[in-house]
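Both complexes below contain chain A, partnered by chain B and then by chain C.
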Partner chain A sequence: MRPWRWLVAVLVATWLLPAAARATDRDGRIRLWHAWRGEEEAALAELLESWDGPTVEVLAVPYDALSSKLGSAIPFGEGPDIFVDSHERLGEYHRRELVADVGDAFEDGAYVGEAVDAVTIDGARFGVPLSMKSLALYVNDDLVAVVPGDLEGIAALAETLPEGVVALAYEANNAYAHAAILHACGGRLLNDDDSFGFVGPAAETSIDVVLDLLDAGVVPREADGALVTNLFRSGKAAFAMSGPWLAADLATPEGDAVRYHVEPLPLLARTRGRLQPLLTVESAMLSPSGAARPEVRRFAAFLASSAAAARRAERARAVTARTDTPSADPIVRAFAAQGRAAVPMSTRPAMRAAWEPANKALRKILRGDAPVTEALVEAEHRFAMVMRPPPPARSPTILLVVIGGALMFGAVVLVQRARTRAFREQVRRSIPAWLWVAHAVFVVGVLVVLPLLVGTATSLFGGPPGDVHYVGAANFVDILTARGGPLLASGSFWLTLLVTVLWTVVNVALHVGLGLAFGILLARPVLRMRAMYRVLLIIPWAVPNYVTALAWKGMFHRQFGAVTGATMALGDWLGVTIEPIAWFSRFSTAFTANVATNAWLGFPFMMVVTVAALGSVPKDVLEAAEVDGASRWQRFRHVTLPMIGPSLVPAVMLGAIWTFNMFNVVFLVSGGDPDGTTDILVSEAYRWAFTRDAQYGYAAAYAVLIFVLLSGITRGLDRIGAAAKAKVGP
Partner chain B sequence: MTPLRRWLQAFAVHGVLLVGVAFALYPVLWVAALAFSGSNAPEPRVLPWPSEPTLAHLTEVVGATADDGGETIWIFGRQLLNSLVVGAATALVGVLIAIPTAYALARFEFLGKRRGMGVLLATQMFPAVASAIPLYLILESAGLLNTRTGLVLCYASTAVPFAIFQLRAAFEAIPVDLEEAAMVDGATRLGAFVRVVLPVARPAIAVTSLFAFMSAYNEFILAATLLDDSKMFTLPVMLQRFVGEYDARWEAFAAGALVVSLPVMGLFYVAQRHLVEGLASGGVKG
Partner chain C sequence: MVEIRLRAVSKRFGDTVVLDGIDACFPDRSFVVLVGKSGCGKSTLLRCIAGLEEVTEGGIEFGGRDVTRLAPRDRDVAMVFQSYALYPHMTVRRNLAFGLELRKEKRAVIDARVAEVAKLLEIEHLLDRHPRALSGGQRQRVAMGRAIVRRPAVFMFDEPLSNLDPTLRNTVRVDIRRMHDDLGATTIYVTHDQVEAMTLADVLVVLDRGVVQQIGAPIDVYRNPANRFVAGFVGSPAMNFLDGRVVDSTVELAGGVRVPLPEGTPAVAAGKTVVVGIRPHDVRRDPDGTVAFVVELVETLGSHVHVHGRVGDAVFVAAFEGHTGPKRGETLSLVVDRLHLFDPETGVALR
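Our next item is the complex of A and B:
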């Protein structure tokens, strides 16, 4: 027992120390949240050294997580006084009252017009512009002598480049990057009247342009940001369309990785329009409590000051939104020039809902899975689905009457039973046992069951955050009727349910199959290096699953993944050419990739359970069977399996529940590709909660449906199990 | 069995096991290779071997420092300690809560037992997406936001249902005679439980603690939502920063992932003998 006591002492000590430090309180401090990294973060740290006001407490939050973190903290008076974020989120923050007028922190006349517009809502300023970010054209000076004036000219250069070098690297699959071409064709992602813009002739022309580029091999397929960086950094791309972050990645301690310069995006000869990237204005925004404090507003003005802008430009090549702080750095100047020829991103909340349909349609078309017009119309429909007005508010009277009635009825029944002597006797005998479980009932009740009940209640509410109302069962009706569309359309509840069931069955079968096979081998009476095998086979279980899910995704990359490498090596060896498979472009292959990942993650658990169960099978039974001349298969089928079966069933059941709700793998490996078909119910619920206009009520309704399904299935299986047991006998 | 047959059989067994080991290790080796790669040249490779080997990413991640009120602190060390402490505290609290409950469920008959078990199983079926925001509200009202105590309470309470299932099965597998003998000798129920039952159930308790530790050590969604101070972050939250939307730093992420995985792998290595024993004493009976 002594080591335990020591451990407890250490735990308590490490706990109290930081708590004591925290007790000095944050009052008077300024809390700043930002999503800067690398040089920009370093520039901030340098700036803070010359700040003469109250201490600033800084927190770096990943960009993707920032808005949901702000949304959950600020309404409770928690969170930052000031935060740095992209202006396009401002509209939603304003609707949810996460930001306030910055007041005297805004210096009139100091910023370029685009930046001022970007932070202005209804004539009031809700942010102080800090820097402007957009894509621009990176040119590899070793590969390109003369920069063509238009995109067609860049495409024509492709033939003159060395083998293995692409002409233009950019994220063709990504609507953010595609917007530059869309703008050159006269289109917009979101129209001024909040309708979906990525549809119609302009959008179709822009996609034709990209399809031509892909077919000619000018642009790499399925490029993500990391790949664009890698291609350009290793000299395998003559041009790259990327943002300032690429310049930071190209810098090494020994100077830049390649010789390059940056200039504004070229023309598109076909439409004689100029490629105009989307412009993001990074701004300092103030939470309502922060905006009320003069020292916080002074700090915001300090961050936006000319001296601070110069520091950020020098250290991190950030393009200032100020008119009075020009930079001498040619790259910063190029981005500044591009910023003046860019389209500021819309601040409307609808913008957030436009990304997912636009990206899906773009990916689908570029893969060649759907005709252009059809995919774009479908995207418009999807957008309308997310943006549809919330169900009308209903009066909760009926619900309250039902709940009240049920409670009354329950109370009456309880009182009736309490009158009986037998019941009182039962209670009296239960009291000692209740003392053993009371604390667990309390903790699980407050921290697990209560949130679940509240979550369930949420499913009866609708509307965007800040404007939530009771809608009755409208969310459920909506989901179960596939929002009025065809019942088995992509993204509908019923199709997703089918995929989820298939996913669960295939995975559990593989887990049990692999687990049994390896478990039985490991449990052999004589096996050399048993301990080594056991340790190595358990490893998939020991590594955090988000890490390995990302590793598997990388292995399935169409051009550069290890699986592709292996098939190519196999092809070389056999003397045939095997086309690389675009794993995430078809349901069958994307689903296979997900299953491979999850089977890998889950089999060690079943293997260990099998080894454990086999340990309790008496040896003499097996030996008797062997003496009787039973074959290996017969022994397994008729002796081993029935004996270990009962102890496997609960593990299989729990495994099935976990697999049914296995969010990480689906979200990280296929991400629902292609076209949301590999999404399972739980990842669909997450999308409604976090990427589709924060419709928590809708997501909660999905969660409730998942719960109802799972409890129904497990209850059914339980019955079947019990019936089978009764037939076989104890 | 002839020697040749025996030899062939051993050959087949080891062959299958080696294929399994290769399957199990391949993705992990890729992560390791990436962590030590100096360049991330975009070309398909089959063997997970670092190109231009370097320790730069590892030293960058492990040596990370931060400024804390004018003082430079070793932030990685702080976060590693946070992760270990949060994991250990979760295991301790969760198992301490689960042990008496599991014992009562294994040995006593009482009102509400069946219903309680049903609720425990039900909590495993409800996806966390709907309960995250209410949980935030509850911690807010208890003043436990942005504290590791709040985080541990959340982790421990979510680990409790599974721990109860595990331990109840383990207690059920222990013969009642053992306690009864002790009680005949004058021990109280509690005394018999502590002195007789707990020592026998030690492997199962160790394995249950390991699971609770692991679930807390690897969790990041809740931690990223609840914690507002990088000095309190756990390692997975730190890792999340390397894979941003625009510029994922895969080498640094891989280096961090490797370091994060090491303690759990170490624990598994130490506990692997118990793992089988712990699950054997009843298995995960629902």
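Our next item is the complex of A and C:
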């Protein structure tokens, strides 16, 4: 068979297979998608054995991908009939009509009120509650004899604890954990009218509570989840406020790492309110086509039944939302009790936009970088900025006319050329050549050109998913005018661009400098154990960069980081007191931490290129310079460097592009702190797409601008490289 | 413009002995040629004198000044490399000026010197080109210019002609000697080509396996080789070596042929076995000759002919003036005008 026939055959098969799949799913099977792993997945498999209805096809989807997969499958009739997801995504699903009323699958009176609230939108039930997840209070039984009834009591216990043991470990600067205290003060993260809730007297009181705890040393500063786990696990925390995952982390093959029990969160004496954590209710949801099928609804009821809940509790310590299925496991019972005293996460899409400003404000205040009220008001503005209505719909006429005109012009030119015999002859002769490159053209087209076109097209649209409309160049106008605010305000395109350029220049300079230095050392003929050094120096490159980024973030921790440890040790040695640096509270230090991480990650590449380039410098040219009277430095400066320069230019170009788009380091190390100032363009684009109410059009406009900028940089560097190469020649 | 003195210079790389106790003194303004087969240590000796290699033992003096541990730039030397080693990223002008710039000469001085040298070497029209735009001969000239422009005390050449085609090689060879005579510096020149060595040298140093075999004026080395190695290496075509025994005033070759010892041959105890060395040019066709020479191959070079054949069982080459040679298979009678005797054990010339 000729190659192009293969291609056609493959294409036809690709089109036919999904059609075949569609044909078979009408034979009564039930399609279930879920994001369960480990024991929970095993519990599901056990349950399915006792299901007596139609065959269930199970597909496990990663949690982070579930939402977008549902959004792209269900509207085309491809998705599941039933899926398991967190209830807070219901609002979005409801808006996009991915879910339907579960009808008779919902068993009235069987669930705790909080869980029922969680799955109810406008009075209708859009999910069947399966299990609940929330924070609760872990108590180390070796350190605490009597559990105080309120938070102030826990704080008072701090005095009596041994040196180096904190009273309460929890993620103080995470809004998710802070919500428990906010609720005790009568506040909410998001109000029912979609306005920002983390502002005003209740929010300020809640922050005062935390500031007091931090100042008294009751709670560790800048704790993240891993630190909370480590502190509690190693017996260095009397209490921990954490979720069921901590229990899993405490379990070892020889039993639990510490003696502990779990109970609901205590009172806050100051307001006489109870600490109420946010509640996530994992629910079975039905797609519109699934909800219409009685056997699917029966299957949903089966998943939520008392027997199923008991199985999940036993196998995976899942906390049921049912009132009639008490567990024998004291930890599960404690979480179940906490579930009844929790606040369900808001299902409103606006909730997604509330996290970022709330977290930023919280971190800023707890670091002591801004007065409480000011930071909260700023957060409210930020929220409003993200939630502002999308640009008005525009008529796409102009665009269509331009595209149409361009196509027309192209067609005319093509027809004119096709009239000439020579051109037709040329085309005919080049057909075999086209067949040779067809697969490459196809792959590049699908993987590179198509996403580029789709991305560019997306940048011309606005509005939340499900309600997208054409807005013309409004996204670009918005970005380039900094949304009407000052051009260099925090979070504006121009400031971010400035930071990105600074980031790129500093990093590439360090990469080239370090790479050259190490490359030259490695290339020295007298070096012993060269192979070992080479391996050691390449290691930073070989380790996945997000692992490195997380490790460096840990090293820069203000209280427990290695950098702080080193400076303290240095201070002890010198006999002076060096205050621990809060690395992420100022732009200069946060930027330095990012740069240090990325320099570590990036220099091995330059080093390898340098070693290769140095090999191409003839020895006798260097000797000629030596005889001519050049010192070691002069030989490097006037001979080696100009000769390896042209080989380094492409590497510098690649390095510049990688650094310009180095999302992992910025996102994982500083996370944009302080206040989004260390964010670069890609991480900013990411935030618009994934943490700010899914403004894909706006994020795509950022991406297009990044693309244009990088194309410009590449062309510029290319010119420099060509000029340098022309000089030295072959 | 210095006298160069080597005192027991040795160079070892690990266990490998490359130079073994070399003693020599090269007078000021002399043209010294280091010659030997490849691997004999001649390039290493040059690099040691230039300072590119450190000597393992021994010392080097330039005009009474000990330079053994000095870097090349402190020795006031210039070198022309076999590959020319021009700076590829610099124009010819900067290639020439670079050494002066490093020495912080004034701009006007640099420009004047570069112009002067460019004129001398006839490369003025190439000054703004890069090396890759030059032919091999032009590059060679630039490399020489780079050496001359600094007016060093010692010039070094490391096989500078080996990358040139044969005709160019002859002209450049003459240019190098002329340049040496004009500049009046001391020159050290490495080659494996004994024609270059003979034509250029004031002082010829023949090296073998890291040891000096003979030092002297080329004609002395040619006429009175110190040993069999030198005798075989210097002169073209190479000297013929035959086994023999001294009997009375003749030497008897294998096969019983007797050759009378010409006048000037040193006296040797009768009955001693020797190696007889006869240069191809030192035989002559003569009906009275005692040596029978069977012709196997004739090479005609125009001015003279080289005849390859046998004397007894031994291979023999003879060179005759003129352009017509004997025929193949013919037997000629030869008279030997001059011969050399060597000790068969040590190879040392018997004098």
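Keep this in mind: the second predicted complex is superposed on the first by the 568 of 730 C-alpha atoms of A that agree within 3 Å, B and C clash if a C-alpha of one lies under 4 Å from a C-alpha of the other, contacts with A are read in each partner's own complex, and residues count from 1 in each chain.
To be clear about the criterion, a residue touches a chain if its C-beta (ideal position, glycine included) is under 8 Å from a C-beta of that chain, and two chains touch if they have at least 3 such contacts.
What you are looking at is a predicted structure, and each value in this text was computed from that prediction instead of being measured.
Student: What is the contact status of A:Val116 with respect to chain B (first) and chain C (second): first, second, both, or neither?
Tutor: In the superposed model, A:Val116 contacts neither chain B nor chain C.
Student: Examine A:Ala569 and indicate which partner it touches, taking first as chain B and second as chain C; both and neither are also allowed.
Tutor: Once the two structures are laid over each other on A, A:Ala569 reaches chain B alone.
Student: In the superposed arrangement, which partner chain does A:Gly629 touch: chain B (first), chain C (second), both, or neither?
Tutor: Only chain C is touched by A:Gly629; chain B is not.
Student: Applying the touch criterion given at the start, work out whether A:Met643 contacts chain B, chain C, both or neither, answering first, second, both or neither.
Tutor: Touch status of A:Met643: second partner only.
Student: Using the superposition on chain A described above, determine whether A:Ala440 touches chain B (first), chain C (second), both, or neither.
Tutor: Touch partner of A:Ala440: chain B, not chain C.
Student: Which chain makes contact with more of the residues of chain A, chain B or else chain C?
Tutor: So, of the two partners, B touches more residues of chain A.
Student: Take the contacts of chain A with chain B and those with chain C, and give the residues found in both.
Tutor: The answer is that chain A has no such residue.
Student: Show which residues of chain B lie in contact with chain A when the two form their complex.
Tutor: 10, 13-14, 16-17, 20-21, 23-28, 30-31, 39-46, 48, 67, 69, 81, 85, 88-89, 92, 97-98, 100-101, 103-105, 108-113, 116, 119-127, 129-138, 140, 145-149, 153-154, 156-158, 160-162, 164-165, 169, 189, 214, 217-218, 220, 224-225, 228-232, 236, 239-241, 243-248, 250, 253, 257, 260-261, 264-265, 267-269, 272, 275-280, 282-286
Student: Would you tell me which residues of chain A are touching chain C in their complex?
Tutor: For this pair, the touching residues of chain A are 618, 620-621, 623-631, 634, 638-639, 642-643, 727-730.
Student: Applying the document's contact rule, which stretches of chain C touch chain A when the two form their complex?
Tutor: Listed in rising order, the residues are 50-52, 71-73, 77-79, 81-83, 85-89, 98-99, 102-103, 130, 132, 146, 150, 156.
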